[in-house]
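Below is the structure I would like to discuss, written out as structure tokens.
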Amino acid sequence: MFRWFIPTAIAVVCGFLVLLGYLLPVPALASIRVVLVRWATVLGAFALLLAYGSVLRVHLPRIFRKQSRHRVASSLLIGSAVVSLLLVLTQGPGGALVQAIVKSVLIPGESALLALTAVTLVLSGMRLLRTRRHISSAVFIAVTALYLFVAVPIALPRVLEVILQFVDAAATGGMRGLLLGVVLGIVMTGLRIILGIDRPHSGG
Amino acid sequence: MPEILGLIIGTIITLMIFSYLLGDNGLYRWALALLVGSAVGYATGIAVDFVWQQWITPALSNTDPAANLTYTVPLLLGSLLLLKGFPPARFLGKISVLGNIPLGYLVGVGAGVAISGALTGSLIPQVLATGQGIRLDAGILELLQGGVVLVGTLSVLLLFAGRPKSQPLGRETLSISQRSIRQLGGFFLVVGLGAAFAGAITSALTAMVIRLSQINDLAHWLMSSVGR
Amino acid sequence: MSSQLAALALVLIGTVALTVYGMGLRRKKPRGGGLVPAFGGLANEVGRVAEEGATIHVALGSGGLLDENGLTSIAALEGLSALTELSAAYETPPFITTGDPTLFLIADNQLRDAYARLGNLRNYKSGLVRYTAPSPMLYAAMAATLCFDEPVGTTIILGAFDQEASLLTSAAVTQGEKLFGGATSAVGLATLYSDIGEDQLVVGEKMFAGGAEVTGRSAFLASLSAEDLLRWVVVAGILVAACASLAGLGG
């Protein structure tokens, strides 16, 4: 009953209401959809509390049992406790100190990790011919090299410009076909849930 | 002064992250822990603040029962969801099955949002853009490019069509037309992936340049401070 | 408004097709297998890795239930269902990492249920499914550290990923781990394309065939047939739009 029947019934009803709220021009359905989606964001916030519990469960034993990397685990937990307490108890999301942490720790850190992927991506590109000895690998590398070459701001010969436009068109076609296929997959997966055939909330 | 302090902290974190290029090491781990800790703390703080300020406080102060219901229902569902946090073998773990109710709610609403978003936000605009790329009034070059986009889109879309009954993908018996579509689709797909890969490298390099220029700014500031 | 009606028409076609194909396949006793080799190979990894005394790391990415990637993550989990069942039976549980709290809950639920179905719930440990960080880049960087800290023999990168996946693949390659994976975005797929072999890579839409591959359930197979029908509707739509544009009716 509670394991799958009621949760599935709720998933079906709410899923249908939200979907129809988007697709049918009925104001009442649109209002219901807005309420249901707002409630879901509240559940998302509760899910984050549980996820925080998971972080504690993984890192606290490392500290108490002085396992490897226990110092790293302590800095992670102290960092999270300081920021969350600062945000909740004193300043709120817009507080000066909270914003300073975002600007001088989080943004540079994430940006540095993104920069790091420049190296990991180039290295993995170099490994490609080892993973796949196929003509498609050569096409992949040639297209990548062409795009990286034209990213340099220099005047291109007209012929290269025309070639690039056609490669661009081919790339757009390839990515668009991929995207459309994925959308079809999303629609059918969603419909299985909304029709109650698929129940990921109760283990499948 | 706070700007300089922020610049110093950001530069130190950047250098610690970049130390990963020498291999996995303590400095990188420490910086990563600090970042993850701050990010988790920030996200959790925002979540607690959101629930408290926008849902619990109004629920406690509201006297209208009908309006109160709109606050109480998600909070009740959220409380049931928290039961999922208990270890399954204990008593509270056994009633954690009640947490499937809010989970079902999340899955259902998520499915509704995703289907409508995918159809109205991606599928229909992309279908129209592909078709409308074929225009006689735009010139022969544009018409040809529109044709390439059309053929690429269709061939990649058809690359995944049909399902083999028993043979693995790529080893199934195919007709000549099927094989041609697969080869053409495979080609367009790889060109698309190559372009996407180049885009990823470019965006990463841009981030790298920004980080390095920040380090450069700090070095200049330090040198000018020493010079004074 | 017209795009909403077109979307509604596609939903109706999909629903009717799913019902009709589902009823047809129920009578025929369908079987999965052979659809996506990568998903078929995943279950074999459980035994192989267990013999090595190692474990599997499943990186599910940051696609949460309330964003556009939620259903991609659910599809990835369906493709992993055979792996989680076998892991529960072998008692060589995988580490599952997620970068979204709602995905964390669904993944935890699936693993718990796999243990419960085998009557092995006492051996379920809560730390097996881990929420690592709230942003994709931090998630990938943190999840990649598992490759160094745990005896991971195989890393599976499956779900909604972009270029952050390269942090995971580079750590796995450095540690000599076997890699499986798949993504639905062009950037994510391009990132995985270089490091993951053809038979281990799940390309785009194939992600949604994972459930059919590993369970062989008629509902999943019917869904693939309905998806094919929708595909032809989309192809027809593109051709009609192209003809209309050629005739000067577009805009």
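Each chain carries a letter (A, B and C) given by its place in the written order, and its residues are counted from 1.
In this text, a contact is a pair of C-beta atoms (placed from the backbone, for glycine too) under 8 Å apart; a residue touches a chain by one contact, two chains touch by 3 or more.
Values in this document were obtained by computation on a predicted structure and should not be read as measured data.
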Outermost chain relative to chain A, judged by CA means, is C
Between A-C and A-B, more C-beta pairs in contact link A-B
Chain-centre distance (mean CA atoms) for chain B and chain C, in whole Å, is 15
Per the C-alpha means, the centres of chain A and chain C lie apart by a whole-Å value of 14
Note: chain B sits from chain A at a C-alpha centroid distance in Å of 2
Residues of chain C that touch at least two other chains are 4, 7, 10-11, 65-66, 68, 71, 74, 102, 105-106, 108-109, 112, 116, 126, 132, 134-135, 138, 141, 163, 166, 186, 189-191, 193-194, 198, 204-205, 209, 224, 231, 234
Among chain A residues, those touching two or more other chains are 19, 22-23, 40-41, 43-44, 47-48, 50, 52, 55, 69, 109-110, 113-114, 116-117, 121, 125, 140, 174-175, 178-181, 184, 186-187, 189-191, 193, 200-202
In chain B, the residues touching two or more other chains are 29, 32, 35-36, 39-40, 42-43, 81, 84, 100, 103, 106-107, 109-111, 113-116, 118-120, 123, 127, 130, 150, 153-154, 157, 160, 189, 192-197, 199-200, 203-204
Chain B residues touching chain C in their complex are 24, 29, 32, 35-36, 39-40, 42-43, 81, 84, 87-89, 99-100, 103, 106-107, 109-111, 113-121, 123-125, 127-128, 130-137, 150, 153-154, 157-158, 160-170, 172, 189, 192-197, 199-200, 203-204
Within their complex, chain A touches chain B through residues 2-4, 6-19, 21-23, 33, 35-50, 52-53, 55, 69, 71-73, 75-88, 92-93, 98, 100-119, 121-122, 125, 136, 139-148, 151, 162, 165-181, 183-184, 186-187, 189-191, 193-194, 199-202
Residue positions on chain A within touch of chain C in the complex are 19, 22-25, 40-41, 43-44, 47-48, 50-52, 54-55, 57-58, 68-69, 109-110, 113-114, 116-117, 120-121, 123-125, 127-128, 131-132, 134, 140, 174-175, 178-182, 184-193, 195, 197-198, 200-204
Residue positions on chain B within touch of chain A in the complex are 2, 5-7, 9-11, 13-14, 17-18, 20-21, 26, 29-52, 55, 70, 73-75, 77-79, 81-82, 84-85, 97-98, 100-116, 118-120, 122-123, 126-127, 129-130, 141, 144-146, 148-157, 159-160, 185-205, 207-208, 210-211, 214
Chain A partner, complex, touching residues on chain C are 1, 4-5, 7-8, 10-11, 14-15, 18-19, 22, 64-66, 68, 71-72, 74-75, 77-78, 81, 101-102, 104-106, 108-110, 112-114, 116-117, 126-127, 129-132, 134-135, 137-138, 141, 149, 163-164, 166-167, 169-170, 173, 184, 186, 189-191, 193-198, 204-205, 207-209, 211, 219-220, 223-224, 226-227, 230-231, 234
